[in-house]
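Pasting the structures here.
Each of the two complexes below includes subunit A, the first together with subunit B, the second together with subunit C.
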Partner chain A sequence: MKKMCGADILIQALLSEGVTVAFGYPGGAILPLYDRLCNCPIRHILVRHEQGAAHMADGYARASGSVGVAIATSGPGSTNLVTGLATAYLDSSPVVAITGQVERRFIGTDAFQEVDIVGITIPITKHNEHILSAGDIYAAVKRAFYLARSGRPGPVLLDIPKDVLMEECPFDPRQEVAIEGYNPITEGHGGQIKRAAKLLGQAKSPVIVAGGGVIRSRATEELIRLSRLLGAPILTTLMGKSAVPQDFEYYLGMIGMHGSQAAVRTLQNADVIAAVGARFGDRAVLSYKKFEKLARFIQIDIDPAEIEKTVEVDIPIVGDANRILTEINNRLATEEGEAAVVPKAVPRARPERYEGSGPLSIPAVVQTLSDRGGDCIVVTDVGRHQIWAAKYYSSPNLPVGLFITSGGLGTMGFGLPAALGAKLAHPERQVVLITGDGSFLMNIQELATSGHHDIPILVVVMNDHHLGMIRQLQDAFYKNNYAECTFPPGVDYVGLARAMGLDGTRVTDIGEVNDAVDRGLSSKKTFVIECIIESQENIPYQSYDE
Partner chain B sequence: MDKKLDRILRIYPKEDEKEYTLYILCENKPGVTANVSNVISRRGFNITSFIGAGTMTDDVYKIIIKLYATPTGLKGIVKQIAKLINIIEVKNSMSDEFVEYEMVLVKLTYSPDNHGDIFQVVNHYYGEIVDLSDNKLTVAFTGTPQKLDTILALIRHFGILDIVKSGIAVMRKYEENGITGTP
Partner chain C sequence: MQKVISILVEDKPGVLMRIAGLFYRRGFNIDALSVGSTEISGKSRFTITVNGDEAVLEQVRKQVQKLLNVHRTAEHDSKNSQLREYALIKINFTESTKTEIIHLVEFFRGRVIDIFDGAAIIEIAEEESRIDAFIERLTPYGIIESLRTGKVSMYRGKKSLSTPTKVIKLAG
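Right after this comes the complex of A and B.
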């Protein structure tokens, strides 16, 4: 049998999984891999910070639906991945992280750049593994990819000591990947599906709440079919924002703390709430006590651990959303099922619009972007701009599943690298990043990556000289005590872009936004539009109280 | 602030903690025990006994955990443990469904004066003298946790120098073990 070194086996495993792009940053312990990587067809994107690599892999995974790969060295390289892995974990994004480790004989000696990254990432990865022999690499990588993308997707970390990457061993690609304790349930329970279909059919005002799971399982078509069959409005969570086309006639906006009023009122008037791939997060539910009393619940989720984690449900169904919805729809579409459905009026979908005027505000810019009706991928960072974007960006051409945001962990600095990852997944599409001055600066170094690897995106920076969401919280809960939430003017974002070899322009009036965006979208390089925001308008809070 | 805290705590119903036993069958891989105990400790529940050992099947490892938890909390713990990749099966039960057995090693101060008293207890409870030196005596007792509590109460006044418990071994009483991998 042919002998190969660990690094070559690793590359063979990545190639067999169809990896074409990897994001990473070299270092001592991972150099044996880099030594071989340059001679293989995988395109390596050299980032400027490992956190960027993790977010790029995440953004790539969310946009493409396939697994994103991040590579880092031991010690600080691996700990820099941590935030990115936690982000991917909370938003169920398939990422495989490969970290170098010190040589086996040094493990446990506090050697230079040694850290127990497997121990550190236990609670933020779906699975992680320490590979202690080159003969284990191939199977471990196959396993990692299978785990990352199957069931409820999530990040997987593989930690490989340097000498394992250099170790020669016979290579046999015909290895079976078997994981005894892992059998994700995809098929829904027949009896539960029957009960759910019956309950939905008889409901007077059923409501569907779509979460990120709809996007992960590509269940949009079946969701729309269910909505039409029942005449039921669709509401989404933040993660499910782009689960349905924004102009779908039954789509009534986002639920939650900063959702649309129409959505919250619809929830209140519902008698049956069907949650599909939504995990009843605290920001979406507003008040668990009041939420539980709203209606009867059907919960469809692929992860058994999500069932009744926070809210008691009447009919839980574990399995793949697409399959379960198909079965419910088929059941409802029979003559018997149709007869059972209570007829309802078609909800009039009116996407929320921002009508405010006055000095340049974030929602006004978002509304202008939305009104252009483009089919760009939209990526956001985290903060006030994120919620404004989720509220008012409703271009009918927003591609399904391509509103990318860090919903679960709320990671500032996610946007720029994720947008670059998304662009690599869809080079034919335009990518617009809506970010704030706080978030943008957190991973600004990736602008250099964008220039270096020629990954052009459009960045719209909402520069309100504030950490907006912090200011909003201080307004609401800390008696307007604006402690440490202001950034004095003086940072020139356009200048920053130029310093990185890119281009940009500054906008101070709403009338200039469209021209600037036209310029940005036709630019061959990443283009930064700095919007000088005067208004400090807060996002309205929703509640179940009238 | 109290009101806010109360609201947060009310996500989970207010319940009393009870003692539960978890049977876990898992692949014998490094880090499995860390993964399992992490799931329990991050919810703030305390483990009272944790034993792990091989089974009749190579590569399969059995962990038995006794812990105090709220019923809702336990439900979450069981699901989260089952979700871990290397876990093959998790079962939980209340204590009346199985037999429990434990071993305790006790080191006592020994002198010819209390020889008779000590040996009365040792013989009555089928203790085994495992070590004897000039003025120290080490005895092994086995039995249910309740029996061991009684024994410890009886010999306490002899002067206990050290105690080591084995952790509680547990087996289901009625049906077959319900767990694969243990023929």
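Right after this comes the complex of A and C.
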């Protein structure tokens, strides 16, 4: 049998998984891999900080639906991945991270650049593994990819000592690889599906709440079918924002703390709420006490540990959303008794619009972007701009599943690298990043990556010289005590883009936004539009109180 | 409420850390933990005794079940299972007390396994409440040190944790 080194076996395994692009940063312990990677068909994107690699892999995964790959060296290289892995974990994004480790004989001796990254990432990965022999690499990689993308997707980390990457061993590409003790449930329980169909069919005001699981499961078509069969409005969580076309007639916006009032009132008038791939997060539910009393609940989730984690439900169904919705729909559409379902007359919904005027504000810019009606992928960062974007970006051509945001972890700095990753997943599409002056600076170094690797995106920076969400919280809960939430003027974001070899322009009036966007979208390089935001408008809070 | 959970795992380094982390995160203090090999090579079995809210515990058990290295989990009670604990008790052992102590040991079905330097080590494998009672009765004689392994448990009848788990073939 042919002998190969660990690094080559690793590359063979990645190629067998169809990997075409990987995001990473070299270092001593991972160098044996880089030594071989440059001669293989995988395109390597050299990031400027390992956190960027993790978010890019995550953005790539969310946009493509396939596994994103991040590579880092041992020690600080691997710890820099941590925030990105946690982000991917909370939003169920399939990422495989490969980290170099010190040589086996040095492990546990506090050797140079040694850190126990497997121990550190146990709570923020779906699985992680320390590979201690070159002969184990192929199987470990195959398992990692399978775990990352199957069931409830999530990040998997493989930690490989430098000498294992260099170790020569016989390699058989036809070797048997199996996984034991992993059995994601995809098919829903027949009895539960029947009960759910019956409950929905008999409901007077059924409501569907779609979460990120609908996107991961590609269940949009069946979700829409269910909504039309029942005449039931669809509401989404933040993660489910692009689960349905924004102009779908039964779509009534986002639930939660900063959702639409229409959505919250719709929940209150429901008698049955069917949550699909939504995990009842605290920001979406507002008040667990009041939420539980709203209606009877059906919960569809692929992860059994999500069932009744926070909210007691009447009919839980574990399995793949698309399969379960298909079965429910088939029952509702054909079975006697249940065929009597008459769609309730739901007024054709109009997406929430921002009508405010006055000095340049974030929601006004978002509304202008939305009104262009483009089919761009939209990526956001985290903060006030993120919520404004989720509320008012409702271009009817926003592609399904391609409103990309860090919902669970709320990671500032996610946006720029994730947008670059999304662009690589869909080079034919345009990507717009909506960010703020706080978030943008957290991974600003990736502008250099964009220039170096020729990954053009459009960046819209809402520069309100504030950490807006912090200011909003201080307004609401800290008696307007604006502690440490201002970034005084002085940073020139257009100049910054130019310094990185890119281009941009500054906008101070709403009338200038469209021209700037036209320029940006036709630019061959990443283009940064710095919007000088004068307004400090806060996002309204929703509640169940009338 | 006290729960006894047994967990069949792949015998790999770090499994304990993965499991313990999930209990820790929801604020459970593990009252007792025992780990050892089973009749299946490469598989070990944990028995964990914890106290706490039942719903939260059930959620933790589901999360434990999700770990790749965990193959099965089960919950035991005195109806569906036999529950046992093992204890070692070192006690002052003098001419004046030895007859009484030996009587107690016989009554509680323990065993004196060592006598040295005026002290005896007694072992006992029993139900928790019997061990509690035994220790209470021995206390007046002066316990020098004692330890308990925590519960181990096994389903009654043919029900078992060792039934084969699903294997998914990925390549080859």
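To be clear about the criterion, the second predicted complex is superposed on the first by the 538 of 546 C-alpha atoms of A that agree within 3 Å, B and C clash if a C-alpha of one lies under 4 Å from a C-alpha of the other, contacts with A are read in each partner's own complex, and residues count from 1 in each chain.
By definition in this document, a residue touches a chain if its C-beta (ideal position, glycine included) is under 8 Å from a C-beta of that chain, and two chains touch if they have at least 3 such contacts.
As the structure is a prediction and not an experimental result, all values here were calculated from the model.
Upon superposition of the two complexes on subunit A, a steric clash is found between subunit B and subunit C.
In the superposition on chain A, A:522 makes contact with neither subunit B nor subunit C. Once chain A of one complex is fitted onto chain A of the other, the partner contacts of A:268 are absent, as it touches neither subunit B nor subunit C. Of the two partner chains, neither subunit B nor subunit C is touched by A:334.
When the shared chain is aligned, subunit C comes close enough to touch A:174, but subunit B does not. After overlaying the two complexes on the shared chain, residue contacts for A:288 are found with subunit B alone; subunit C is out of touch. In the superposed pair of complexes, A:202 makes contact with neither subunit B nor subunit C. For the contact definition in use here, the residues of subunit A common to its subunit B contact set and its subunit C contact set are 118-119, 122-123, 127, 130, 147, 179-182, 303-305, 307-309. In the complex of the two chains, the subunit A residues touching subunit B come out as 118-119, 122-123, 126-128, 130, 147, 179-182, 282, 287-289, 303-305, 307-310.
In the complex of the two chains, the subunit A residues touching subunit C come out as 16, 118-119, 122-123, 127, 130, 139, 142-143, 146-147, 174-183, 303-305, 307-309. Partner subunit A is touched in their complex by these residues of subunit B: 7, 10-11, 26-27, 30-31, 34-35, 38, 42, 75-76, 79-80, 82-89.
Partner subunit A is touched in their complex by these residues of subunit C: 10, 13-14, 17-18, 21, 25, 55, 59, 62-63, 65-71, 165-172.
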